[in-house]
Each structure stands twice: as structure tokens, then as C-alpha cells.
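What follows is a pair of complexes built around subunit A, which joins subunit B in one and subunit C in the other.
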Partner chain A sequence: MLRSLQKATRDCHSQNGEKCPVTMGLPMTAASSTGADARTEVPLKRRLRRAERTRQIKALALVVPLLVFLLFTFAGPIAGMLWRSVDDREVRRVLPQTVAALAAWDGKDLPDEKAYAALASDILAARASGTIAIAAKRLNYALNGFRTILTSTARNLKAVPERGAAKETLGKINPAWRERTTWTTIKDAGGPVTGFYLLAALDLTRNVEGAIVASPPDQAIYRDVFARTFLISLGVTALCLMLGFPVAYLLAALPPGRSNLLMIFVLLPFWTSLLVRTCAWIVLLQSKGVVNDSLLWLGIIDEPLRLIYNRFGVCVAMTHVLLPFMILPLYSSMKAISPAYMRAAASLGAPPVAAFLRIYLPQTLPGIGAGSLLVFILALGYYITPALVGGAADQMISYFIALYTTETANWGLASALGAVLLLATILLALVYGKLVQGQQVTGGMKN
Partner chain B sequence: MEAGTVTPAPALVRFSGIQKTYDGEHLVVKNLDLDIRKGEFITLLGPSGSGKTTTLMMLAGFEVPTQGEIYLADRPIKNVPPHKRDIGMVFQNYALFPHLTIAENIAFPLSVRNTNKAEAQERVRAALRMIKMETLAQRRPGQLSGGQQQRVALARALVFNPQLVLMDEPLGALDKRLREQMQLEIKQLHETMGITIVYVTHDQSEALTMSDRIAVFNDGIVQQIDRPDALYEHPVNSFVAHFIGENNVLAGTVETIDKDYCRVALAGGGTVTARTVNVSGAGASTSLSVRPERIAIIPDGTSSDGPNRLPARVQNTIYLGDHALAVLDVSGNAEFMVKLPPGAHANLKHGESVFVTFRPEDCLALDHV
Partner chain C sequence: MSDNASLRTPSQRIAWTATIIVSTLVFIFLIAPILAIVPLSFSSGSYLTYPLPGLSLRWYDDFINSPRWMNSLKNSMIIGVASTLLSMVLGTLAALGLAQWKSRFKPLVLAFVLSPVVVPGVITAVGLYFFFAPIGLTGSYLGLILAHTALATPFVVITVSATLQSFDTNLARAAASLGASPVDAFRRVILPLILPGLASGALFAFATSFDEVVIVLFMAGPEQRTLPREMFSGIRENISPTITAAAVILTTVSVILLATLEGLRRRNERLKGGSA
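Let's turn to the complex of A and B:
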């Protein structure tokens, strides 16, 4: 009603070029139509706005619970993780005076006596409060053996050294204090933010001069892990596409009754726990498992094949788990393709293969894209399946994230690895979005 | 077009004893024998489920006849796949390929035939010119209106010069005005290009407008194949009389037959003389068919001599702009329509008693329904 009134007002304006009196609900009388121009129009606009606002508030109220939930369970933790990947305040908290004293140090020579005195006083304070291990752990990430330097110093430092003798005292306790690297390590770890973890996640580090260089070979493992993660994900995506495309085609082509039955089989894995499905593969693929026993019994092989705890097992199990995510988008894109297209292609002289390649396949591209992206991104983050059915050389990035979070409590590195993975995923999604946007495959066809 | 001027061309398509069943119990097409002549525009007309679309699909190659053989230019084609039949087809929903541009859509039949590029380009240009859409060549089907999409579908089906073009209710999705315009355009294309067109529709006025011949389908059987005017003037049975044009039905019993004419006693009282078309003999039940425009209304009391003069009561009058209709109660038929010139309905009052009269040659005695 409001809308029609608004329209009436607008029409009136455009036709007469003068203000149009509109009265709400009641029939218009001569009195109200002459002098009520300004009075009636303002309330109408305001009422319109008020009505719109109520509707907007109602709409917002409906999504508020989900928004709050997502904020706490999704956006919040992600932001926290991203922050942890650059957060570096542990050393600053334990050795506050040292960090402050080193702030002005140019890093070219050994720091001056003031820094040594500050360190001695910080170590004594930290020993008293029992926080020395926190700083030791963080510094040990950057320089192997730093834990020993710090704990031995804390153990052997009896009291605050005399004025001017701090440098000598500390140097005597541990000669490492006479080396520049020890001090640059403390300065670099002084926070409050650092690129240390993110660089480490990419197999990079800073040398004494502060330049970014490759990590030493024994620590440079993450690029390999990322490459392995992407390779396995790509392989699984390709397998899913090859296995899923014919199934989706069949689903879309069958009459509804049989297609529904088949769809239940496709969806069945969704109703089973991921852990159960993965363990089922262990039962099937292990050296005394169903597959090997059958092959041995049939005489096809003489000794059990190694089917599990290697790349093969990981790909098989992941493909099985992720297949529905490929089939469903493919199915929905195929379902939208009218059979009339293939008939039209045939009537125009295209043999079945040409009709499929030139008419059918291009129209399934959005489905192929969506399914592949979904499977690939899900595969990137896979943890349980490779952890259970993969060998040491098949662990994907999530395994290392879990390792650093739960076992070594190196949250900074875990977060940095997560952040790199997140960034790669977002980039992929953006690229996909660009590709799809440029295509306009369906073009609003109504068939 | 007069009956005598049509010289029958050789048959391009011959359906011979065709039967089709989908479920093995019920025949959708029962024993179809049909010749389609080269260059003619033939329409398969019938209600839904009458077998007309199945017949078209068998000709296109998307359905296989259960029995019988189809010949295209004297070659049996029952086992020839659709893409080798060289038959162009226009579908109900156009079936333009949504991922290709208009030009690519029209070029498709040429490119699958490996026509050389320059020639294909020239033919696509000519086809676009024919449908007056040269400027829209790079658009996609989704960006066109229904009428434009239909023109493209038409151009795509014609561009490779097929022996035969099939159209499956191609105008069904368009609004009335556009439909009438497209009917004339298709008719014109047919005349200028001299192609053979098999057209399927359930719209009798569309069939009458466009066709050289119409095959009226019902219940899997071709009821009658004839020129439009012959179908209208000389329907062979009640179904055809009813399906083509407006029609008044009076039930009765044949009393006597005298060569071409018979006397029929009406179920609602009275006797009329009718042309004998499809009655088995004296004593048989019959349905009389009289067209609304072949009936005159005589005001009560006016004397008139004529064999067919029946009392009637005015039920209603309907003004339709270019003409008017009077709805009368005649011999038990309460929806007896009489077509009047505009304005003539004003003299008729509701409930008034009048007489209707029609010539014996305009009253057809057909099979009982």
C-alpha cells in the first residue's frame, strides 16, 4: 500500500508538475486536498522510511544469531591465528629491560655494558618468577642451543653483578654472551611483531645482517610440504573428476526414480564418520587386508602389494571421501542442460562425440570448475586421512600445523603455516571467480 | 488456391505402415501411412497425445518405429541416426546453444560438416540477413527476445540446405501478436526458398494460416489429410469438423437417405435435411454439424420456406468487435452459436423466441459422437 501511494505521488508530480495531495486510507475531501500539501507529504516519506527500517531490522534480527556464532567460532579464531603468526611478545615480557636496552643498539659490535646489566637483572627477575623457560623456548627457535645458554646463565648467576662488571661476569658464565649472534637473536625476538614465523613457513630466515636468506637445509622442509600438499590435492581432484563425471552424467540422464536410488549411494559416505571410512580403507588395503588376500588367492600376485601407508593409499582414501563433493556440483550443472540441446546438435548433423564435446561439455564447465575447486580446497586442508593411511613422506601441511599446535606448542609457526595455506586458498578462489565471471556459460537461457 | 491447380509433386517422405508403442501395450501411432510431397508445407495437427509429435520424432530419428518403414527420397531411414538424415529441425524451446553466440549457433551445422571457412562465413551472413539480425551476430541466445531466438533457430535449421525442415510447435512460447507475425514470416520463407516443411501444432488457426495440407491426428490415427479449405468445408467425421473451426452439433437419427442428402429426425424434436457424409444408413444415430456463419436468424412470425427451420430461444449475445455471436437454445443444444454482423445482436433480447435456418448443403450428417 505504501508503495502504491508513493507511486501515486510520483505520478502526480511528473504529470502536473505540482505537489499532489495524498491522504492515507480515507477518501479525499475538498478540505484536505487544498491546504494539506506539505503536511501530508512529509509524514508519507517518513512513514515509508520507518516501514522500510522495520523490515530491515527484522531481516537483521533473523541472521543475528548466525552472525554472532560465526564471529565467535570462525572470524574470531581466524583473526587470532593470523595475529599469532606475527605476534612476538614473549621475550619482551620476560626480558623487558634487555629489550629496551637493545632498542638503541646498532647491531654492529657487541652491545654496551648497560645491556649486559639489564640482561643480568632480567634473568634474576625471571628466575624468581619462573618465566625463564618461556623466553628460552622462543629464543631457541631462532638459534639452536639458546635454551642452554639462557638456563646455564640463570643457574650460575648468583647475584646482580657489580656496577661495570656485568659484561665480564656474563661472558665468564657462558662465552656465548661474547658473540654478536646471541645478542642479535635477542634483539630480533624483541617483538612486539615479527616476520620470523612467516619466513620460516616459507623456508626463509634472516641472517645476522638482517637480510632475508634461505633457511639452513635441515630446517627447510615446508616448501616441500606445501608442494606435496598441492600435488596430492591436484591428483585427488583429477581422480575425482575422472570418476565423478560419468556418475554425474548417469545421475542426470536416468529417470527420477532410479536416479534417486543412485543418489543415495553417492550420498551414503556423507552419513558415515570420516574416521570410520578411513579405517575401512585400512582394513581393505593393508598387507593382510581384503584386497591383498583376494589378489593372492586369485594368484594374480605372489606377495602382498604395498597399498597403504604410502601415496597410493592417501590418494585412494581421499578420493573416496571427496568424491561426493565433485559429483553434486557436476550433477546440478548437468541436470540444467536440456536434452533438447543434444537432439538439436544431432539434427544439425553433429555425430554423438562431436555433439558431446562441442555442446554438452562446455555447458558442464561451471560444474567442473565448482566441483574441482571444492575438492581441491577441501583436499588442501586434509588431516585425518593422510595421517592414518599415509607414510611419513605423505604428510600434508595440516599434519605439521597439528604437530606444532598440539605437540611442540609452537603456535607461532603453526599459525604462520595456517596463514600461508589460507592465503593460497583465497588466491585460488579469486582466480576461479575471475575465470567463471569471464565465461557467462548459461547466459540466462530459460530452457 | 483452387483444387485443380495443385499438381502432386513426387513424395519426398513416405511413412509406410508405421506403428509406435512406448510401453508395449498402447499404440501411440496406429498404422500410419502418409506421403509428404517435395516442396509442400504440411502440418500435423491434433490434440496432445494424438501421436503427431511422435510421428515427427520418428521422422527426425529420435524415436524408432515399432513397426513399418520411413522412406526419405526413396531411401529407408529407419536405421539411419539423426545426424546422418540431413533434416533440419526447429524445437519448441528453440534449443539454441547457450554458450555460443548467434553467429556460432548458425555456423554450427556448417562447421560439423567441415564446410570451408569462407563459404561458411558467407552463408551465416546470408542467413543473418534473411532473419534481419546482422547486428546481433555476437550476442548470446540469453540476450535475445523469444521472437529473435525463434528466428535464429529457424536460420540455424535452414543454413545447411536440408532436404526437409521439421518444426515442433515452434511458436508455442510466443505471445499472440508475435506468433501471427512469425506465421507469416515462416510461410514467406517457405514460398521463397521452396523447402519442404513438416510442422507440428495443436493450434488449428495456425495450421489453417500456414499449411498447404493438414493431417489431422487423433488417437494415433490420421483422421483426414487435405487442403485447409477442404478440411473446413468437407470434414470426413465429427472429430475433424469439431477440431477445425467453430461448429454446432445437433444429435439425431437418420430417417431416409436420398443420394447425397438425408432426412434426420433431431433428438430435441424437428426434422432437417442434411448432406450425407459419414452415416451408415437409415436408422443410424448421427451428429449434425453446422458452422455458425452459415446460419440465419429469422425473427419469430416471419414466414420462410426452407427445409431446415428450427425454433430457437435466445440465451445470450456476445459482442466481439468485428462480429457478434448469438448463443441460442436449439433442439436441446443450449450452446448453439450463430455468427452475426456487428450490431445485429442488438435486436435480440434474452429469452426471445426466434427461428434459425440453414441450407441443407451447410449441414453435414457425420458419425455419432
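Let's turn to the complex of A and C:
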């Protein structure tokens, strides 16, 4: 059955490569139209074009379900996260009159009586509906201690102040209402959108005048975290390259039978669960673990070394996890290099080292680039391994994103840090895409 | 490089020997940790050290009799199988469509379809957490299945597309010209030929879901904890030998998946070799 089909299509293929089924359906028309006048040719072309268009629409219709699905389960959620990094409507929702009253305020002196009256009325309404904490939490991000200011005011404000007395009443309850910073904080947090979280993710903030300045030192931790994430990823990438290069070289140089066998050593860890590998490293490296026990037994050390829950452990475990992602693209780029080049170099008198450095190495550069970028991209977003084998000072950016999402529920900051990480990943992925374009590198995928 | 003729000079021989030594060390680095925990899971003692005080199956017994671990294994299977099926349907359809679709937007669409692989797990997880919580999909099987399907589908699209690339589309045309309806042509001509590719895609999809833990960390309630999730909290709290038993079970699943995939690849190569 298949044989005859193949034969039938081969004949058809020789006639017309692309539009075979269409022309096969209309062999007579096609043959007669070549000699006929233009009037019969136009409808045929149109029919061909229409058939092709139908085919394209049908093809697209097959892709649409996945696109819709990913819109709902992937793109939508990520767009939602990005929106949350600038979304700032909590204060506006809880203190609507205050925000409206402050809209016209120039921020130079204290706001006028109208704003105080609006705040008093907002606070009373929010106390009744129990929403004070929402605004207090948001304002506290911007100004440490704001939670106390707002809750103490809510507690002590007995009733709506008399006309014209709101400023005095509030100032008496909490002197912070006599300070300009308190009010600029509310105005800045008035939303509906803000750069506050994105700035905070880069250790920046706005001062009273609205200028962008460095965050106070106790909040300025994220540049350090980004630098640490970058350094760990860079270190792991370098380790992977150093360890992966000789292995890929060996695998590419060996005859297929033996390299296939050795490939198991690369593919088995690749397919083994991340949790299993991380667990294995903890078992090996902990203070009473296999490595320390062996070293003690051999008399190389006198007391257990600290090998885990520190930077060393993170780098070792991450290198182990990511090494196959380096070896596979390197291997496929080396496999494509013909040994004839090296023989030619040798026959032309190049010493082996020079031939390697000047002939072989340059040809592996695309593979090195692809593998390194891939490992680096994957390392940047790592969460599980540093969370399990790292100490407090080894946590990477993903840890903080997770922390602010689930523990402290500072979703704006979590989203802003996520946005920065996403941007870095996308930029690197674009470079990676350019690099592997037209190149048979499948290292990013599990095959 | 491997043939002896090219290993003439002593320096080349030294370089080759050095390559072999370094590679051997790297192979040990790659495989030893995984192998090291296998014997520990059969230990009769409760310390994770060598030498083993004796052999026993008590930690496997512990695993099987623990409702927590068995429930997580069941959850992993349910979510894995369901998201594999869903991603197979969506991914295969999309791969079939993409193979025929000609447009300058195709690279863009392809990049979008593959992007779940590249975007860090934490970002996807946080996004889904915000997105699914208001519509009641956190703490539910459905939410996890949908999320894992999104992560697994790119692998299906890649494997099936690769298979379709080597597939002679004229076979489908011939089937059509011989009077087969599109569904018939797919079922009786295309499907049998791309079946190995589909099977590899399914294995990739299942492995992706079976190994995934970041999204589960954010979205699963206590009822939906999967095996990797249970291992995560186990490692966090204290590493008991039961975890090594779980690790060996997980690794066995990986080995079976890898072996099946390798078998499929060999079969495919043999078929290609036979027709050439």
C-alpha cells in the first residue's frame, strides 16, 4: 500500500512540487490552458490561489487551539504579573476622597483643609468596612511606619471632625499628619499605575520632590541579589564549559557505537528528576555525608568540611544539573566539524596546538555560544536547587520572587522583580535564537 | 581524531589521554551522585552513610505504607497522564498546522509556542498563581493539569514537527488523490508514519510534568501534592531514608522513559536506514 503510494507521489512530485493535489485534480484544465487564451487562465489561477488560501486557513485553524490555550495558561498569567508590577489601586480604593483631593495638590506645602476632611471621612468609612489594613500595608512599603500612623489614626478618630477642624484633629491624633512626607506618600500611592515597585526592584525610589534617588540602605538589597544571581550563573556556566568541553570533544571523536554508550552518562542525569539530583548532593555533601566520611576515613581532613548550604554546594549542584545542557549543543557542533580540516592543517605543517586553537576551536564557537547562553539562561531563573542547598546568602532572584508571592504577599514587588528577570531572560533568549538560527542545535530540548 | 593515524605526535597522544582522563572524571561526577543514593535506600539503618549496617527493604515498605507518599505518587500519575494527553492533542494539531502554514509570522508564532520552555519556572508559577487564584483553579487538579500542559506542549510541538519534517507530504497528497478523506488520510497514512514521533513527544510531555515542582509549590493544595513536591518538603525538613527510596523510584521511572525513547530513536534510525 505504502510502496504504491510513494511511487504515485513521486511521479506527481516531478510534475509540480508544491501544489500537487490541486493540479492533480485539474490535469486537463492545466494542460489545455497552456495553449489557450488568457480568459481560461485567469479563473484557474484564481482557483489555485483560493485553494491555497483555504489550505492556509485550515492549517492556521489547527494551530489556533494551542494559541488560545497558551493565551489562557501562559501569556495571560504573565501579562497579569507584568500588570501587577505597575498596578497601584489599593490606596485609591480605600481612600478615594483623599486621593481625589490630593490630585490638585502641588506637594509644596501641607495640603489644605479639604484633603484633611476627605482623609478623616475616608478613614471612618474604611474602618467600618475593615479595609484600613489594605491601604496601611501598601503605604508602609513606601514609608516605613505608615501602618502605625494609619491604624492609630483609625483607632483614635472618634467621629467626623467639625467643619474646618479636620487638620487640627488629625494632627493632634498623630503628628505625622503635619509632615509633608506623609502626604506625598499618599499622593504617590494614589495610582492607578506606579513605577514604585519597578524602581524598588532596582534599589531606586522617589524622594519628596519626586526625583528618582537611591533607596535607603536597608531596602536596597536587590542590586546585590541580581549581581549574585548573575555571578552564580556566570560561574556555573564557566564550570559547565570547562567540564563539558572535553566530554563533548571525546564523544564527538569516538566512533558512534562507543559514543552512544558513553552518552548514557550524560542522558541519565539529564532525565533524572531535579529533586533526586539535589537530594543526592545533599546526601553526599552534608557534614556526615559520603564525601566527608570518605575524606575523614582517608585521613585527608580531621573534621568535616562545610560543603553544603553555602555557595560551594549551590555551584556544585547547579553545575551537575546544567552540565548536559552544555554538553549536548557542544557535541552537535563538534560532530559537524569534518576531521579533514585538522588533517589539512597538520599536512600544511601546523603544530597540533596551533591547529586546535586556530582551526578546531573557532568552528566550535557557535556551539560554545549556544551551550553557554542556554546554561546561563536556565541558571538565571533557578529556584529549587539554591533554595534547597544554599544558605541565606546564596539565594538567587527567583527565591525573592517566590518569597514575596507566598510569604509576605508583596505582590507588586514580586511582580516587579519577575519583570526584570523576564526581561533579562527574553533578551538572552533572542540572542540565543539568533545564534542557533540555521544551526542544527537541539540542546535546548530534551533530545 | 579517534583513528590512530592522527595520533602520531607524543603531544597529541598526551592531549588525547588528558581528554579521556578529564572526561572520565566528569562522567563520574555526573553519574556517581545518582548511583550513590541507590544502595542507601536499601540500608537497614536510618543514617544516610556508608558502610551500610545491613540490607533491608524497610524504607520501601515505609514508602508504600505511607498514605502521604502513595497519595503523591498517585497525584503525579494523574496529573502527568492528563497533561500528557491534553498536550498531545494540542501539540500534534499545532505541529500539523505549522508544517503547512506559510507566513512571515510563523517564526513569531513558533517562538510564542516554545516560550514556556525558556521563561523561568518561578515567573510562570507566580503569573499562574495570580491568574488562577481568583477563578478557583489553585488547589485543584484542573489548574495543575492546565499549567503542566502549557509547559509540556512545546516539547510535543518540537518532536512532532521534527518527525513531520522527515515525513514525505506527498504521501498525504497521494492518499487524497486516491480518494481518501482528510480524516482517513490522517488515520491510515500519516498517523502510522508519525507514531514514533508522537510517542517520543508523549514521553517528553510526561517527563516534564512528572519532574515539575515549582508550579506545584505555588498552586497545589495539600491534596494535590506530587511526588517531587513531597520530596521538596522532605528535603527541607529532614532527609530520611524514605526520601532515598522515593528518589530511586523516581529514577527508575526516568530510566524507563529514557530507555523507551532510545528504543524509539533506534527503531526510527533503522527504518530510515532501510528505506535509503
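Worth pointing out:
What we mean here is this: the second predicted complex is superposed on the first by the 384 of 447 C-alpha atoms of A that agree within 3 Å, B and C clash if a C-alpha of one lies under 4 Å from a C-alpha of the other, contacts with A are read in each partner's own complex, and residues count from 1 in each chain.
The rule we apply is simple: contacts are C-beta pairs under 8 Å (C-beta built on N, C-alpha and C of every residue); 3 or more make two chains touch, one makes a residue touch a chain.
No experiment lies behind these values; they were computed from the predicted model shown.
Using the contact criterion defined above for the overlaid structures, shared-chain residue A:P362 touches subunit B, although it does not reach subunit C.
Of the two partner chains, subunit C is the only one that A:L284 touches; subunit B does not reach it. Touch criterion met: A:V63 reaches subunit C, while subunit B stays clear of it. Look at A:K158: by the touch rule set out above, it reaches neither subunit B nor subunit C.
In the superposition on chain A, A:S338 contacts subunit B only, with no contact to subunit C.
Contact with subunit B, but none with subunit C, is seen for A:A350 once the two complexes are overlaid on the shared chain.
Considering which of subunit B and subunit C touches more of subunit A, the answer is C.
On subunit A, the patch touched by subunit B and the patch touched by subunit C overlap at residues 343, 346, 352, 444-447.
Interface residues of subunit A, counted against subunit B in their complex, comprise 338, 340-341, 343-352, 354-355, 358-359, 362-363, 440-447.
Put simply, subunit A touches subunit C in their complex at residues 2, 5-6, 8-10, 12-13, 20-21, 24-25, 55-56, 58-67, 69-70, 72-81, 84, 243-244, 246-247, 249-250, 253-255, 262, 265-269, 271-284, 286, 288-290, 293, 320, 323-324, 339, 342-343, 346, 352-353, 356, 377, 380-384, 388, 398, 401-402, 405-406, 411, 414-415, 418, 421-422, 425, 429, 433, 444-447.
The touching residues of subunit B, when paired with subunit A in their complex, are 60-62, 81-89, 91-99, 108-109, 112-113, 140-143, 156-157, 160, 166.
Those residues of subunit C that touch subunit A in the shared complex are 1-2, 6, 9, 11-12, 15, 18-20, 22-23, 26-27, 29-31, 33-34, 36-37, 40, 47-50, 90-91, 93-94, 96-103, 109, 111-113, 115-132, 146-147, 149-150, 153, 155, 157-159, 168, 170-171, 173-178, 189, 200, 204, 207, 210-211, 213-214, 217-218, 228, 231-232, 235-236, 239, 243-244, 247, 250-251, 254-255, 257-258, 261-262.
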